[in-house]
Each structure stands twice: as C-alpha cells, then as structure tokens.
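Think of it as A, B, C and D in the order they're written, each chain with its own count starting at 1.
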C-alpha cells in the first residue's frame, strides 16, 4: 500500500491492469513486472487486476494465480492491490479471494455473476454471501452492459452497511446512477465510489467521487493522476486543459476499430509500442487488424507529443 | 425572449413544460397561463413545450396548436420558447414547425423518429432535411431509450455544421456521451449543449455544458436556476448544498410509483398541489394510484420546507 | 369481403400492403389501384393497409385518408380490408378509424403506442379504450421490437373477452409466445391469430393458427395462399416444397442490404420491377443503394423462374 | 448410446438434466443416479448435462467432474451423453471436454462465451478453435438472452462444414431463426437441429427439426418422447392432444413465481415431490418462496392426473 495513503478509504487512480500475455497464451511475466513498475513510477494509488480490462473471464485458473503472485510481489508496499473475483460460481470466486489474501492483496472486487439474470434480491443475497465469506474487504463493481444486472442504488446502499463492503466501481457510464451513488456517502463517507469510464473521471471527482479505475492509466498513469488531483483541488481550468487529452485517448486509441476488442487492443498495443509488455489478447476476443494497430501507434505518438508539450 | 439574454447561444434553464390537461382530455388553458407565469417568475431562461414531459406523442393536433398559441402569447418577450416537433412523419413535424413560427417561437426541437430503427446515415439525412425545411432554428434531442436511435457524437458534430442546427438536448443519461458532445464546442462554441436528467445538471455545467432541460423546474424553477448559476460560477460548495435537494426531488417525487407515469405524475401532482394546474395525464399513460399521489404531496411538503429553510 | 368467406373469423392470407409513393412523396394512386387488383387476382383473403410495411408512421394524414379511400373502393366486395390505426395518440387513432368506417373497411388494427414504455395494465386499459370507442372491430398487433411493449399472452386473453376485439397479428417472431396465444383459442375459437413473419407461416397454421400477414404476399400473393392452404390441409410434403422459396424471398429479397429499409425496399423494388407501382419510400427511411436494387432484381428473377417451374 | 439409434445424427429427446444438489451445495449423488434411471425408463434418447438447466455456470469444477463421472457411469450404453463445456475461457472449456471424453461421453455442447460481446467473426473463430481442439464432437448452443451473442444462421452454416461440429441446440425462441437453421440441412442433412423451448418442440419437428432439449423432460420424459414421435409421424391430432399439457407445464410449473429461478425451481421441486432428488439450487440464484413451492406441487398433481387420464 502506498505509504502516503493515510486515509481510511480507497481514493485516487486505481489502474485496471491489463494481463500481459505471450503469443502462446501464457502469462508474460517479465512484461507484468515492467508494467507494475511503470504504474508505480506513474504515481498511481493502486491497481485492480483480473477485471474486464484484465480479461479475467478469458483466463484459466493457473494464469490468474501466477498473475496474483507476481503482481503482489512487485507492487505491495507501493501500491494498493485489488483482485477481481468476478465469476458465475461463488466457490470459484472464493478460491481466487483466498489466493489474493495469501499473497497480501488489499481487497477483492466482484461484479454480479454474468450468466443468469438476477433481480435485486438475488444480488443483495449474493453480495452478502461473498462479503461474509471473503477473507479480504469487498469492492462492488457495477457493469450492466457486461453482466446484465444493475446493482441498483438502493441495493448498494443496503450493502454499504456490511462491514466488509468498502466501495463500488461504477462502469455503467450512467451519470444519473453515479449521482445517486454519491448520495450514499452522506451516511457512510468512507464508502469509496470510483468511476470506470475515464471520460467521466474529472466530473465524478468534482461531484465528490473518490477517483477512477481507468484503462488509459495503464499507458499514461501520470496523466490520470494529474487529472484526478486537478479535480480534487477543484482546479477546473487545469481539468479543462487535460480533459481533451483523455477524450483523444478514448477516441483515437480505443476507437481504432469497430471490433469489440478495440479498447483492449488500444491499450495493449500502446504498451507494446512503449516496450512494456507483449500485445496479445486471449480468445474469445480477436485482435484488431494490422491497419488498426498502425493507427493506434500513429495516434499514440501524437498524444505523447501533446502530453510532453503540456 | 428574456431581455437579459444577450448571448447568441441558448443557455441556462429551459423548462420542459408539462401540458396541463382537463379531466376530459382538453387543454387546461388557465392552468397553462398560470404555469407560464410561474416559470417566468422563477427566472428561467426559456421553456420547451411539446417534449416528452409535455406528452406530445399523446396529444391530438388541435391541442398542440392551442398550446403553442397560449404559451407563446404568455411567454414571448420574457422567455425563450422552444417547440417540440418530434414525430415519425417529416410532414407532420413541419406542420408543427410552421405553427411555432407563426406564433413567434424561437426554435424547434426534434428527437429521432421513434418507430423505425434508424442508422447514423438515416439520422443524418433526416436531420438535414428537417433543418433545410424548418422555418425556425433546430435543436437536436437525444433520447435513445424512447426513440431507439442514438445520435452518435460524430453525427452530432457533422450536423452542427448546418447553419440552422443550433444545439442538442441530451437525455440519454450517459456521462461518456455527454463528454463527447462537449468536445464539439471546441470548434463551434455557440453550439448549445443542454442536459436532460437534472441529477446531472450541475456536473454538466461544471464540465462546460450550457444548462439543463429539467422536469423539476416546472415545480421549482428558481431552485434549478440557482443550481445552474452556482455551477456556472464554479461555486462547488453551493452546488453541493443544492444537489441533495435535486436528488430528493428525483427519488421522492418522481420515484413515487413503479409505473411508467411516475415521473410525469410526480410533476403534475406537485403543480396541482401548488394550485397551478390540473393533474390529469393523457392516455396511453395511466395515472399513479391514490396512495402514490398522497406520498407525492407529503414528500413535496418536506422539500418545500427544506428549500425555504435554505 | 371475399364471397367464399363464410367463416365468422379472419383467416388466410391478409397482405400487409405497401403504400405506393411517387418520388415527390405523394400517393401513387394508379400504382395503388394496380396493387390492389394484383392482390385480388392472387386470391388472398384480405389486405392490411397502414401497417409497418405500409409505412404508416411516416405518412401525413392526407395520404392516409387517400389510401383508405382508393383501397376500399378498389377492394371492397372482393377482399377484407383492415386499416392500421396504430398511433401514440388515441384521438388520432380514432380519427383514422372513423375514416376507415366511412369507407366501408372491415376492421382496424392497432399495435401498442410506441413512444412511452407501457406496462400490462397500461396496455390493457389502452386497448379497452380503443375497443370501446372504435366503430369497427379491433385487431391487436404485437410487435415489441418496434413498439417496445409486448402484449403478454395473459393480457391478450383478457382482451379477447371484449366483444369488439377479434384477433391478433403477432410479428414478434417468438415461437413460444405464439404457442401461448394459440391456447386462447381453446376458450374462444373465433379469436383470429395471424402470424407476421412469413418464415413461420406454415408452422403457425399447422399449429392451429389462422393465417399470415406476410409482406412477401405483396409480390407473390398466390404463393402465400398456396402455402397457407397446404398447411391448412396438413399437406406437409407440399409445405416442405414451398417453404424454401419463402426462405429464399426472405434472404435474397429482404436481406439485400444491411440498411433498416432493406425489407421494405425489397418489396417495393420487386413491385416496381413487376410494373405494379413506384418504388419510393418515405423518410426517415432511406432507400438501399443501386447495387442492392440490382441484386434484388436479379434474385427476384431467379425466384420467379423457380415459382413458374414448380 | 441407445442401441436403437442406428441413425448417424442426434435426434429425439435429449434431456437438459438438472444437477441434483444437497443443501450444503454438494452433489446429490444418489439423486443423480435416480434421475438418470428415471430418464432411461422414460425412453429418451439422451441427456445433456451441465447446460443452463444444469446450472453449470454456478458450479465449482469438482462438482462438474463428479457429475460427469456419475452420469456417464449410469447412462452409457443406454443414453447418449452430451456434456456442456460453455465457459468464458477456452482452456477451462477444454478441460471439461477432456473429462467428458475420459468418461465416455458422446459429445460436448458450447454456447458462446458470455462475458464479452462477440461479433460473428469472433464467434466463428472461437468455435473453429473449440472444434479443432475438442476430443469429442461439438454441438453448438444458441441462447442469446443469456450469452448476449446470437450465432447467426450464416455463421452456423459455415461452422456446419467443420467435421467435428455436428449440430445446434437453439434456445432463442425465435421462430424465424429456427426456420433459417433448418435450411442448413438441405446441404448437410446429418447436421442435427434441436429446439430448446418445449412449447416449440412439436412445430419444430413438423418443420423438419430433429428433436428437443426440453427441461420438462426431466419430470415427464415419456410425455416429451410421445410428443416428439407424434410430430415425427405427422400425427397432428395427437400433437394437438399433447400440446396443451406442454403449455400447462410451462405456465403452471415454470411460471409459478416472478423470480429468475422460477423455471429451475419448477423442475427441481417437481423432481423432489416425485422422490427423485433434492430440490436445492446453487447461488447466485435464490429459490422461490414456500407459497410458490406449494403451487408447484398442486399444479404438478393436476398435470400428473391429466397425463394418466390420457
């Protein structure tokens, strides 16, 4: 954990770390180590491994275990480590949570189980079960486009009463939903509310949110830290200066292809170009084509130039 | 038009005005006049009649015409008047636009046609046709949950080049989408970008948005004007003081019933309680039950008390 | 009405007639007359004008009126005439119903209002209101992908008790839903249940359904009549001989383009090629491109050849 | 494998077997054995374990392995055994496939990976990878409401060329889609096309489909076999006699509660009442309430009486 972090709540930039993979589908261990150091150097508060950006759903158990071990070894003492345990089976989630605990991670993160459609009562009982059993504090993760179930604000509020549930990452992109989450902090200020989509990072923090779990921070950790701090300091002029860069990353790096993998390839190809890790992605996602990869690099160079010129 | 408005763009609070109806389904003319005066007194910048809140889709042509006439007569010189022309038929939309023009309205507003599913090319050509034919400046209206079609940011950008298209109201609730819209202002600063969901009003204005088209301003016009101005002045402390009231209106007035009509009945029952107009709604929507109506009034009284105590 | 029709329920092939339009957007009156005669010659049981295929949502009131007049004049005594009154406003629907009645039409057809999301209680009360007021028998029309609301089987069952509600057209494509509709006939055998998607026509009739409202019958009325009769006579070998042609029309005529208008242009370009009416479609839909139109004609010729060879 | 099965394709009733669970979440082994024997006695052609009805997504690997072992031991030589390998990770799917092979199962079944949204190109490559690696023939499984991705008919057609892909189970409920699947059999008659929703079983077989994978066959295997055979023999009068019972099971057993688990509890509570296995379900699904369970039993008794009276 970052030694400057004297607060009792999660805040700042938590990077949803990609899982570096070799062309044979195994973990790129050296790349993983370099990536963690890159993020430490970027000054972020923590990392969230085995999330959507981390392709957790596509990985076999052995890779998950390796990733937890290497990442914790490299990061602990310098970064908060959150480990995704999202799965359709409670038992499988708990197994990952135990591995996370054994390796010293700080918390676990769970989106709703993503096969069956769940109602709010199902969701509530599911999270209570996880929270009761989890050996580490539990972070909620709302991402209805992927999981089919929204954790409604009322349900989040009820769950926030559980001593082992410490916050929520909202990747819905829904600005109304996010404002309703913030209302929960009135009664439990230490409940941490982080935003997924980086386009909304600044506004969420200006509203009272606690930070972001933003994919672009894999590439440019320092940029997102600066944006977070500008918003936290209510320096709207600085926010307005950085925000166009964030939108340019979104449009020109993530939006390079119509394929589902466009965002993920945007991040991984950028890291590859920067010499940090291999660019491969796991099936069932298929990589973008060569032309899209070239576009990513060209657009990345422009963004790097702008960041340096700032 | 408000005489203080020396800007060349639409900004501030534009009230999406309800259509006061009698129990026999005809227009509540006296109520309409009182409502317009209530909004003028509240200090709002303008009104948007015949939108979703105005139940335009449910009204027969004769009522639409009457409403335009009475509202323009009462409001012009003091409020901007925007008239909804959203319809599945271009010819019908243009007929309403002509009536709006004849009565001195300032602009027309059109969401995508809501029967057929339209792609971006269809939408672009549709709006160009409207903008070419419309005798008044055209405001776009994005509301995909109702119309099934999102006007993508790239399409909005292309449309913003048309001299007769002056802005967009975004009711998607999507915070990422809204940030992408704001990027259009870099090239065309006078393009007006208003937010629909009032929960997002303050944040949107802090981000550089131009204001809101917020249903609650029917009831409490002054409150929304204060919130808009606080955000415009970057007075975040004041924003944070008002925002809980906005969320309370959303939760306790609009959320009084599980029925689709819950929001609309929340607004209309509140106006009825305040002695402004009749509470009836048009089919196919059905009113909430008596218990929900009582809840609205109780919750409204609490909110009024809090506003006065502020 | 077809004189052979001695039954007291609607059955057979009811053609969801396209609305022939000139390039200036006005009604192609001569084309309309030719189309009606083409359908009479094809031996169909009736026509359904101003439905989805009829582009009702895109047409101005004057064209709707003209179409009703011309069609009724040409068709009555030889075909059942059903008139679509689907609209978001009850008053507008009733105005069309009156015109239909005045011109001698046999029934009206209404899908749910397609702007607001409606629950089953809203839908039930809406249809009771229509049925009470309608001067002609009312046919329900389930098409959730367009209207956002499904008329649930339980609601259809309750509505089927109303003396002025005579049947339902189901365009959902949902085979489970259709089987549940058929169960309603146990208690009210004269309640007519027609299928929209022509790919399901034969199976629906084998199951006990009453026929189809199938777009391809605009082009090849006789083919669909033969398929209906084969299924009604439980001549499965003949069904299996015709069914591939139906699927070929669906795939190669309707599926000629990725645009939303692909189905509609498939039908209208085919009728144009056959010398029956003009091919233009109304905004907001945009026509398919020239290449797709050429493909339609080529595929149409192949299908005509196969039909003749049969 | 059933010794009467001399055909080279899968046809008839393949039961999507529930996974009997004890109250502690472990496998109800005795119940599993009894259930398999119940199905053998019912005369079905095969069983499909670890599907949606089998709650595969909710089970830990150890239970899946046990279930495969016990089921294969009990069933082989008398029933075809298909094993679900649906998972978001290819490696995990292959591990289950190997276990299935080792235990003598006949085929594996895979729905699309259900976390990421996949396009048709992703899906095609995914299934080719599975088919290349799988030690057993692969059956496709289309269930878009659960997996978010439809395997489009054109993609199924291309996949049907792979020597290790032998058929598809369609649980979409989409009657048009099913008819398009049937067209694939023109070129590859041995490609097996089974229907998921039992309400559509008879019609699908009359259309040329090969049978059903129907949940109700867990309870009443013989009833579904009779319906399949009636349809295969084109005995429409017998079909029409059995079909109301199928709809009654659907409505009164599966539809006993508004909860997501209603269908699953309907099947498991029925089996419990019949003394076959324990009724428990795995989280994240929550069981229906006591009242719903009582309703299931009452409705079940009525259905049993009707079946016996037939």
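Just so we're on the same page, a residue touches a chain if its C-beta (ideal position, glycine included) is under 8 Å from a C-beta of that chain, and two chains touch if they have at least 3 such contacts.
Just so you know, these numbers come straight off a predicted model, no measurement behind them.
Colleague: From the C-alpha centres, identify the chain that is farthest from chain A.
Modeller: Looking at centroid distances, C is the chain farthest away.
Colleague: Would you mind pulling out the distance in Å between where the CA atoms of chain A average out and where those of chain D do?
Modeller: Centres of chain A and chain D (C-alpha means) sit 37 Å apart.
Colleague: Can you check how far apart chain A and chain C are, centre to centre, with Cα atoms defining each centre and the answer in Å?
Modeller: For chain A versus chain C, the centre distance works out to 50 Å.
Colleague: Multi-chain contacts in chain D: which residues touch at least two other chains?
Modeller: Not one residue in chain D touches at least two other chains.
Colleague: Draw the chains as points, connect those that touch, then say whether the picture is a line, ring, star, complete or other.
Modeller: ring
Colleague: Going by the touch rule stated at the top, which chains touch which?
Modeller: Result of the pairwise touch check is A-B, A-D, B-C, C-D.
Colleague: Can you check the complex and tell me which residues of chain C touch chain D?
Modeller: 173-180, 183, 186, 197, 199-200, 202-204, 206-208, 234, 236, 240, 243-244, 247, 250-251
Colleague: Under the definition above, what is the set of chain B residues touching chain C in their complex?
Modeller: 25, 52, 57-61, 88-92, 95, 112-119, 121-123, 125-126, 129, 145-146, 148, 259-261, 282-286
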